[in-house]
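The structure appears right after this line, and notes come after that.
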Amino acid sequence: MALATSPPEAPAPPDRKTYSSDAAGLGRVRASVFAAPALLLIAVFLVFPALWVLYLSITNYRLSGVEARDPQVVGLDNFFNALVSGKFWNSTWLTVEFVLGSAVIGQVVLGFTIAWLMRDRTGPLKRLVEGLVILAWILPSAVVSFLWVALLDRDGGTLNLLLGIPGFAWLLDYPMLSIIVFNTWRGTAFSMMLYGAALGNVPPSHLESARLAGASGWQQLRDVVFPHIRGHILTNLLLISLWTFNDFTPFMLTAGGPDGKTEILAVYVYKEALIGGNLGVGAAISAIILLINLVVAVFYLRLLRRKS
Amino acid sequence: MSPRRVLGRIGFYTLIAVVLAFFSVPLLWLATAPFTSDPTYEVSLPDFTLANFRAILEHPYALGSLYNSLILAVGTALLVVLFAALAAYALSRVRIPGRDGLLYALLLLSSIITGTAAMVPIYQLAVELNLIDTHLGVILILTGGLLPAAIFMLKDFMDTTPKSYEESARVFGASPLQIVRHVVVPLVRPGLATIAVWAIANVWGNFLMPYLLFSSDPENQPAAVIIYTLYTEGGQANLQLLSTFGLLYSVPVVLMYLFVSKKYGFRFHGGIKR
Amino acid sequence: MSAIELRGLTKVYPGGVRALDALDLVIPDGEFFALLGPSGCGKTTLLRTIAGLETATSGSVVLGERDVTNIQPGARDLAMVFQDYALFPHMDVTDNIAYPLRIKKVAKAARGDKAREVGERLGLAQLMDRRPGQLSGGQQQRVALARVMATQARAFLFDEPLSNLDARLRLEARTFLKRLQRELGVTTVFVTHDQAEALAMADRMAVMEAGHIRQVGTPAEVFQRPINTFVASFIGSTPMNLLDAVVRGDSLEVSGCKVAVPESAAGLLTDGEKIVYGVRPEYMSYSAGPAEGALGGKVSIVENLGASHLVTLEVGTASVQAVVPEGREPVPGDDGYALPRADRALAYRDGDLVAAGRGGTEAGA
Amino acid sequence: QSSGGGGDTIELTITQNAIAGGKNAKGAEYIAKWVIPQFEAAQKAKGKDVKVKFIPSGVDDEQYKTKLSLDLKSGKGADVLDIDGIWMGEFAEAGYIKPLAEVAGPEAESWDGWSQIPEAVQGLATFSGKKYALPVGTDGRVLYFNKTLMTKAGLPADWQPKSWQEIIDAGTKLKAAGVPVPIQINAGTAMGEATSMQGVLPLLAGAGGEVQKDGKWTGAAQPLKDALGLYQKIYSQGLGDPKLQQEAKGRDKSFAQFAEGKIGILMEGDYFWRGVINPTDGVAKMADRDQTVGYAKIPAMEPGKGLRSQDFVSMSGGALRTLNPNSKHPKEAFELLAFTLSAEGLKEETKNGNVRITPRTDVNKEILAGDPLLAYISEEVLPLTAYRPPVALYPQVSTALQEATAAVVSGKTPDEAAAEYQKKLEGIAGGAGNIAS
Amino acid sequence: MSAIELRGLTKVYPGGVRALDALDLVIPDGEFFALLGPSGCGKTTLLRTIAGLETATSGSVVLGERDVTNIQPGARDLAMVFQDYALFPHMDVTDNIAYPLRIKKVAKAARGDKAREVGERLGLAQLMDRRPGQLSGGQQQRVALARVMATQARAFLFDEPLSNLDARLRLEARTFLKRLQRELGVTTVFVTHDQAEALAMADRMAVMEAGHIRQVGTPAEVFQRPINTFVASFIGSTPMNLLDAVVRGDSLEVSGCKVAVPESAAGLLTDGEKIVYGVRPEYMSYSAGPAEGALGGKVSIVENLGASHLVTLEVGTASVQAVVPEGREPVPGDDGYALPRADRALAYRDGDLVAAGRGGTEAGA
């Protein structure tokens, strides 16, 4: 290897001081400066309180009462108590049902279906469909809950009116189904938008070569579309699972009832922490939710890494 | 047209009709109740009274609360978009060891902050930092909670934009900040718009943080809090006011969405880069 | 028997773009047929309409004896190679090749055998377990071909299959593909916008413009007697010289020079008429000194074509290009003279070739 | 916000869960439009420059409570604040509030208004023998009934049951007469505290029981089983609508249904009369309220079997108004507090149809005359009434009680439900030792 | 004076890929220099290292007198056209062209004027208000050029600027670009993988392979005397025939035929030695009947090159290609004979050219 012999008029610097070589010439230092405000805010207003919550979870802290004045560290008692209580497991199971039903199945399937149906359409129909779906997403939950109470009402509810079955108590006889459908309605927009973008990235030629080979609609989805958008599916699953796990809106519809049949973990925490004032217990359950989310995330990431 | 295609068409339009119905039927109540003089949960042909609107206009906090919501939402959205864009850009363009792990960890932690249990730490933090009763405090706290997901989504956007634009600006001598301002921001504008609307929608509906942090003056409270005042002492909803206010409360977000979607188009990029 | 027959085929896209306009075309069995045209002229649309990926607005597509205009693409018994090959990134080479068979419900073992057999034939034996992402462009192209070959389709449709390849690979692939088609004898429609590719590979070719077929013929016909100035300027490695000329008795005046009337137009021109005089740079003899009937001017650019050079002369206000063999090329600034071959020069009136028998077969014939 | 007096000006703040244009709008108006100007003027006359600021609020009680707790814990919050009577214990235990005398000095004990407040109502503001607040008012529960329906079912328009059986009999008749919902007694968790106050607690009292007695919680004792037994009778014989008890908006619907004449008998507090079916501004207006709606005392299970061997029982609650221990001007704050509960003030507050039962007998005599129901409650019911224990654990116990009623309504036997309650109670109270059965 | 000088330039990517390996190169002022090579050989890396977009692992980049190895790209006074043009989609043509001036803080009015001036020169006057998305590929390319021209940079770097264009447009752009460079006289480094482009446009060119420069020289030098078989097979519109041969006295035996020893290798070969005999198809004369010293075989493929044909002969086990002028082309199946021109034939030993003076300048010379 012939190293350059430096000509006398332009001596090479003795130590090679390299400058940043990323696309914009940011370099680590400037990149840190760019990321600093966000990371600072996150550290102060997210990480710090989150760690505090984790600390609370090992105390018997309450919003009021003697324990508010003088909280004691009780170790993992809150966790043990939660883990041995049937109510917690009931809630966990309901949450799993809720997340699976409304996010993983409802929002993903419906969002994908709409994105798929609208994939190469333009014009007013597409705008109408997307507009309505997104409307359901951006309306404030305080308003939306009223809409659904009005929809599902036993006597004058629009749904019963339309179906001609007055008196059918959706929220009482099918409470979980009701909030699953509700949350599907509410959250489909995100999946729809994400899959809309993802489907735009599926090369049409791949679909068409499958079609030419005679593949049916389902075969095209299986062989061409899903393998292509797997990354998007998983990002989407990750985010909406996370959001659905923490979603409190169903409380406004059913208040966790009837008989705790819709008392998902977010509602359980609300009742413990806000209504019951048991902040230590609430914090412990929050921490458990975090753990479950972690497991879910790792599971998704595994799925993603596999076969790629 | 082949019969199979006709069947396909029929199937398609049936499905679309079902979807349309599913998403529009729940909205009916919001369209009728505010114009009905004595609304119940029943959707019926309204008598087209504007009395409810008159009543809500007389409400001392209703309009002001919408303005407060606007400040909080726009303020938070601006901060989220600005900080998330800078951070996402840096994370997308410069390899930092453990970057993905960090993002996932933050994303997960952000879930704890949305829960009720975090209110005590956040409240006390706000007290210590003197952020009680300020819009800034609410904005900063909400921003902190939304940033991880925003960075996560925006980074996907940034990852998919070609680097040659930046490199070309760089060869011409543009500084990193100039590159961000002149090139990156305009390029990822649909992404920024998406994140902005997402942030706005989130803040718009958030009750607990503003309620807790604005302790001394309902003049500062956003609509999400004021809508809760439209109940009686026994906890009964005043449907006249509630439906009407609900409609007014919804209109700004809808307008915001229409504006953004018209101006920038809506699109999401996704996919975790391996 | 004709393998593919198009009758009055018209395709109007929803936006109102008339991509194909009442197009008639007959492609005989076993022919290697090239579709050539500039970007946006409707080549892909034509191919896709044959495949059934687009529905015809009117007109019909007949394959063999069968009118398939309203038949699903999967049932037309055609195979297509896309510009980007459309190999499924998550399947290995074997699975990719066997995919059409899998859809046709061929047993796993049988289709594996078939894939290996075809793969071997195309020199892919070592690569059968790789994913497309681990293959070079040329290898990917061969996998796409293998996938098409495994189907035993009635005809192959290729949409610019070479344009994603390296210039070098492209040349090799050209020869390879041509040889393969000859061996298989399958009717092949080949879309390209590279005229050299079309000339080199096709038995017959069509030149398209704006949804119409402008000329159909063998490469030699199309090259030597382009039917109009559009085809003339589109075909050829170096663009044809198309020069404004005025008929002056039995010769033409071109940019102040006097050249002979093209042989093909002899007797068909009237004195004083304004025409376009066309001659390919390859059909010019270049000399450093003046010659009778030559176009003379200053050399502005000399481009190396390998064993020859393309010399651009500024003749009056026009630029004239001539191919000059190795060793005789001038340098920019020299004076030069280019003498057109009268038997290869052409005359165009209002854009159309002036000739007794006209070159090639006209569109729709 | 703790008052921070700049210069000579004394700044005071006062808060309650009331807001103009919304929840308790009239209460908010009273503070803002009358108390503040009058008080400031009165202080000015005394040579003090006092500025008072009202901090309205209008949210769920739980949320209001949460915010108060957070404020008080951080040394913030208004100088004068309203709390619900049952929060007093936990707030006191947490140190969020202190005995009035400790905060404002002996003036608090010697306030001239105390003499006008009945002993029982004073108890509402007393914790561990010390007065922590001034009572803002109280209420009482009765059985409302629709006279038209009663007449239709062949029952007297001045119906007054003497035992639970008579309620059941009336329900049966109403049912026979085709009344869709003969009896509505709140049950289940969906209605929250409304189930306790307008449901299981009056019944428990009617069976002679109490949730907490002498510092011990009552477990699966007979009175509870009896109370649950009545639920069972009503909801298993089709005399009530079990579904309604589970709906999140069930209580609203029960109001609407009563107003529409679909409910025969309804157990509710005086709020129902004042705020719900009020012909002028109720949420479920009944134009003919005064003619159609009758009311009766809640009977004990059988005469003499009620709490303290009474024939009739009721439950009461009420808000308290207290001082922030962190107040910078506790004396002036107490003056403000007392001023809001002066006879003059209460009269002002309750005029123009905003009648409610105030803590002061002198005022009540005057203002309740125009309202038969409130006068009835004040005179007939309040002497019989009982209060919930003002301790920190009560909310959880209340929830457990609500769950017990829910269990019965959905088909469990009273014994099973009571046993489950006892088990939950042990968890809440920290062991069987704190429970008496 | 040299405009660009590279000394021992090495670039190792983080993954360990050695994209440039101790590369030396001098490009004189005002030269149009082409970098040619197959995909992945390091062309882009070299260009980007010159521009400063990649930092050199070792070695140095000298522009004029100045060592810029550790200087930010923005301070190097270079202008670059990317393969995808990198026109900012959100700015109109004027703003795109004026962007470099905006960075240099030129006043708004002044830079608008400059942009219009340059745009006019490149025939963009009508398009100044459009966005890149509303332009055709050829127009976009001209905007990218205009943007570069507006900078008054010391040198232009082009990374395959033509490869996104239509085959037809590419030919036009080639001539246009060459003319423009001549007029401006700015040193230009032009990356391409299309040898025809490099030959046609470059004053001098380098052929790269796997991070090394294999040959540097004028297009004619590189075309006629490729220094090794890699360069030989890479250059030329039709691949050079590279045939195994054995030296037999004063002639060579190639696939059973006897051909003359290449003139350039005369006296440098030993009897019985195995070499590779290289001759371009353009340097063969084809005849239907046997000829002394010709390679004879059966015609397998005939490809139309326009005014000539490329004929593939099966000679023994080897395929030999020859360019046959129009009118004399055989049909597949014919017997044919291709006679190499001894003055253009070459001999390669172990892949390297056997010649006294060797062709062209060797890398690093």
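So that you can tell them apart, the chains are marked A, B, C, D and E in the order they are listed, and the count of residues begins at 1 in each.
Following the convention adopted for this analysis, contacts are C-beta pairs under 8 Å (C-beta built on N, C-alpha and C of every residue); 3 or more make two chains touch, one makes a residue touch a chain.
Keep in mind that what you see is a predicted model, and the values were worked out from it rather than measured.
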Moving only between chains that touch, what is the shortest number of steps from chain D to chain E? 2
Once every inter-chain C-beta contact is counted, which two chains account for the most? A-B
Approximate Å spacing (C-alpha centroids) for the pair chain C, chain D: 91
So the centre of each chain is just the mean of its C-alpha atoms; given that, what is the distance between chain A and chain C in Å? 53
Between chain C and chain E, the Cα-mean centres are separated in Å by 24
Please work out the Cα centroid separation of chain B and chain E, and write it as a whole number of Å. 54
Shared-contact residues (touching 2 or more other chains) in chain A: 23, 25, 63, 149, 155, 274
Return the residues of chain B touching two or more other chains; collapse runs of consecutive numbers into ranges. 40-41, 119-120, 167, 169-170, 228, 237
Touching two or more other chains - residues of chain C: 72
Residue numbers on chain B that touch chain D, as the complex places them: 40-41, 58-62, 119-120, 123-124, 127, 132-133, 208, 211-212, 215-218, 225-226, 228-238, 241
Going by the contact rule set out above, which residues of chain B touch chain E in the complex? 162, 164-165, 167-175, 178, 182-183, 186-187, 189
State the interface residues of chain A toward chain D in the complex, per the touch definition above. 62-69, 149, 154-155, 169, 171-172, 252-260, 274-277
Sites on chain A touched by chain C in the complex: 203, 205-206, 208-215, 219, 223-224, 227-228, 307
Quick one: in the complex, what on chain A touches chain B? 20, 22-28, 30-32, 34-35, 37-39, 41-42, 44-50, 52-54, 56-57, 61, 63, 110, 113-114, 117, 125, 128-144, 146-151, 153, 155-159, 161-162, 185, 190, 193-194, 196-198, 200, 229, 231-232, 234-236, 238-239, 242, 245-246, 248, 266, 269-270, 273-274, 279, 282-283, 285-287, 289-290, 293-294, 297, 301, 304-305, 308
